[in-house]
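Please find the structures below.
Shared chain: subunit A. Partners: subunit B in the first complex, subunit C in the second.
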Partner chain A sequence: MSNKKMITCFVEALGISEEDVVNTLEYNSIPQWDSVAHMQLIAALEEAFDIMLDTDDIIDMSSVAKARQILQKYDIGF
Partner chain B sequence: MKSIEDIFQLDSPYLLTKDQKKKMLDPYLHDLDNLHYEKCISYRKIVDAIPGGRNKQSDLYLPVRLFKNFDLRSISSDQILKTLTSSGTTSQQVSKIYIDKITAINQTKALVKIMQHYIGKNRLPMLIIDHPNVIKDRTLFSARGAGIRGLWTFGRNHTYALDNEMNVDDDAIDAFIEKFKHQKSIIFGFTFMIWKYFIQELEKQGRTIDLCNSIVFHSGGWKKLQDDAVDNETFKSKVKQLTEVSHVHNFYGMVEQVGTIYVECEKGYLHAPIFSDVKILDPATMKERPHKQSGVIAVESILPVSYPGHRLLTEDLGTVMGEDDCECGKKGKYFLIHGRLKKAEIRGCSDTYAVE
Partner chain C sequence: MISIGIVSSFTISPFVKKFKDLCANEKIETNVFHATSYSLATDELLNEKSELHSFPPRILIIMIDLKSLIPDLWECPNKNSQDRSDLIFEKSEFLFHMISYYANKHPGTMIIMNNFEVPVYTPLGILDNKDDKGLSHFVRSLNQQLETHFKQSNQIFIYDFDRFLCWHGKKNTFDSRLYYIADMKLHQALYSDLSREYMVYIKCLIGKSKKCLVLDLDNTLWGGIVGEVGFDHIQLGPKPPGNVFLEVQRLILAWYQRGIILAINSRNNPEDIYPVFRKHPHMILKEHHFSAIRINWNDKSENLVEIAHELNISTDSMVFIDDDPYQCTLIRSVLPEIVTLQRPEDISLYPEMIMTIKEFNTLQLTNEDIIRSQSYVNERQRKTLKQTYKNQTDFLRSLDMELIIRKSSSYTLPRMAQLTQRTNQFNLTGIRYSVSELEALHQSQRFKLFSVQVKDKLGDSGIVGAAIIEINKTMDAVLNSFLLSCRALGRNIEQFFLQFIINQSVNWDIERVIGIYQSTDKNMQTRSFFSDNGFKFLMKNVHSTQWALPLSDLYSNYSFPDYIRLTYIDEKNT
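So, the complex of A and B:
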């Protein structure tokens, strides 16, 4: 459930397809995941999970795997 | 090149005193001297052309205008993550700054460390004194758009204070104040925009708003405000009078040094963070001037690995007012900016390479 929600956030914020949202996908490794899209992603995740990420989280969120880790920090189970 | 990760682990970018800072920065700057000499052909040619050559490399501050004339990069084209551009105010030619992944990460981390010092780790409600379209077009990396994008990370509930016709958006501001009443918030904009489209407009309308507990960050220079004879003191007192904000921080930065910003403390001085040092040079001889004497500002930075931007000569005039002993408590150098250097004043090495 959470995983699906997270993937939807990536799909919508970055404008990529579901199959592209894999653990190894990294920030700045594709043109769609640039700094502007990153902020949209943050906003999408915050809204979907009703959390507020701090600045360190935003910087640390350097891959899909890392995003999941950070969300777990906010008691979101995967 | 050693990773600069340990510097990012420091609690604050303003902790180290003169000797500690020098000891920390020098090895990195030396590595960057070697790296860029090796990887950037144009830079190498410049180093080889100066009297003393490589032995004097650490005295070479690359004039920022060279980024307009030459493709100065130390990475291959497939490593370019993004190219930052600035048209500058006096020239049509555009500076091109090539950023790779590592440099981008360094820049972001440095900016985070600096900003966290002033606002903490939590993101704060953010009122942007500009219009919403300024960041819409991401191919248009305008200075204003880039600045807003840079500080965006530190905000939440981003609200634009102006509409697309540059009028004060009363509804947006009222809603912001209502929602975050007396919460700590960030108000960000370019100095000129805040003055002309926000403060002067409020004054014209005879309106005051209550944004107390907010912090204003602004940048972009005073040049456009000189006609109105607005200096930092006037700016601050008007902001306080019309918006109740007493924490107002100007900051100095440049596209050639993204990530490093020099933020004004409560005593009114700009501070060099640990990632960077500032020197004041005599524009005629390029020798460093003692504190409290004005000259052209040179900046050193350990962030850029993708372009030779680790020792730069700016086109701004300033004065270092002291080091480690600012009344605000921050260590490192603190300084003031006096405006742009007139072209005729530049001699020495910048003249040698100027191709205008």
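So, the complex of A and C:
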């Protein structure tokens, strides 16, 4: 459930397809995931999970795997 | 299709997307190019090989933020005064040079440049305004210099971005996370609002400004229904809620003074209403401020169409305010081209609604704007007068008309550009020009530009017509634009103006005068203008026809009727 929600956020904010959202996908590794898209991703995640991310966590969120790990810190179960 | 360039010193791509969407919503086709980063922005403006130079846009928006221009901003107050003034001088000179350089190379591009945000923080704290070291003072004087430098320019407009930020509250316009992580200096929530601010310029440029404000009366100009509560009990005066209506009337009067035509559309008994206008001690708007008045029990949409007809304007140049949701819905569905605004339920929000109407903006304020409202009143008198004469000639003779035709000069160009932007009905080609574009034509040997001003015994209508003629290589004088304001129609001025041009053309070393009729949504009435004036059909395209008048066909110069006084002014010779 949470995983699906998170993937949807990636798909919509970065404009990529679901298959592309794999654990190893990294920030700035594809043109679609630049700093502006990153902030759109953050906005999408905050809205979807009703949380407020710390700036450190936003900067840390450098891959899909990392995103899942950080979201867990905010009591989101996967 | 309007091409728009945006250069900014910070990340703005999500804004650009919003801006494009808004243009699409307004059915304005745009092609938006943007460059974001300080070095890219300056390079685009200064490098002649850049895309911005190769494809100059119609409108160029420049957004440069203070921190990009002056990275060590917080140190400014502690510099010695010589260093500080050197810094202001250096930075402002650089900006002036960069913008003027681009503007001079591309006179067809209108430039909108944001001014700088006055920071809310200063290292000097409460001492910031104690001497001229203050940071606020520093930024304000930079803004002041920008304004002063471009005040006279018809091509470069300084957009008061700082005021925009103040309106929304600077605390709300800045998102620290967006700024530090993605270099986005403006909160995303404000993108739509900022887009609408730039849209004002675009709409002015493409001739979509509104000209006329039509008002309901009960609960719109005063509180209460005068037919029910009576003259003494309407809400209008210093006490709340009458003070809100007082403020609204003052705001509307200020628009009248800058040339917005006012009209009334109210379902009422006239005998209940006129005493309010004539005797109520707190009425600020008087009968003479209104160019057309409909107080009756007819359908309000029919009244609106009649008012448009009476004023010789089209319904799409009107804004209508009413308090009744039913009427507003009705007008919106029957006449969607009219901007219909419903007075807010909460009366205290009413003045703000008036203040945020942007539709009346224009790119120039001319002498004609100031006298416009009065000239509609004159026109009403002229129509009454016309009915007392059996034929047109007797009517014209009675008017004691004077036509003043001028060869273009810096004095007439702003008004001529405004006429091309605003005139829809009697406009043979419908081509819109900015002042800077007209300036370029005015400088060119190939073009001849004329304006016509008309005065008669009822008043001075100001400059009401313009003609742009291109002398082309095949020895033709082509009427690229020929137009007359709707206020001046019905007095044969268009015919006299055309004949004047034909008389002049014999001195231009040409063989033919060519007239072009390019059909638009609204200029049907002009389609036979050239044939009516002796031109012969030449050729036809999808939307246009061309007409020719060989000068060899002319036996002699047209002589003007004795009841017209014609004055020709060529500024160069005076």
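Everything below uses one rule, namely that the second predicted complex is superposed on the first by the 78 of 78 C-alpha atoms of A that agree within 3 Å, B and C clash if a C-alpha of one lies under 4 Å from a C-alpha of the other, contacts with A are read in each partner's own complex, and residues count from 1 in each chain.
Basically, a contact is a pair of C-beta atoms (placed from the backbone, for glycine too) under 8 Å apart; a residue touches a chain by one contact, two chains touch by 3 or more.
All figures in this text were calculated on a predicted structure; none of them were measured in a lab.
I'd like to know which partner A:Asp75 touches here: subunit B for first, subunit C for second, both or neither.
So A:Asp75 meets neither subunit B nor subunit C here.
With both complexes overlaid on chain A, does A:Gln40 touch subunit B (first), subunit C (second), both or neither?
second
Regarding the shared-chain residue A:Glu19, is it in contact with subunit B (first), subunit C (second), both, or neither?
Touch status of A:Glu19: no partner.
Should A:Asn28 be classified as contacting the first partner (subunit B), the second (subunit C), both, or neither?
first
If we overlay the two complexes on their shared chain A, which of subunit B and subunit C does A:Ile59 touch? Say first, second, both or neither.
In the superposed model, A:Ile59 contacts both subunit B and subunit C.
So subunit A touches subunit B in one structure and subunit C in the other; where do those two contact lists coincide?
Residues 35-36, 39, 55, 58-59, which sit in both footprints.
Contact residues on subunit B for subunit A in the complex?
Within the complex, subunit B touches subunit A at residues 81-82, 101, 104, 108-109, 112, 115-116, 121-123, 135, 138, 149, 152-154, 156.
Given the complex with subunit A, which residues does subunit C contribute to the contact?
Listed in rising order, the residues of subunit C that touch subunit A are 11, 13-14, 177-178, 180-184, 188.
Note which residues of subunit A are touching subunit C in the complex, please.
35-36, 38-40, 42-43, 55, 58-59
For the complex, which residues does subunit A have touching subunit B?
Checking each residue of subunit A against subunit B gives 28, 34-36, 39, 46, 52-56, 58-59.
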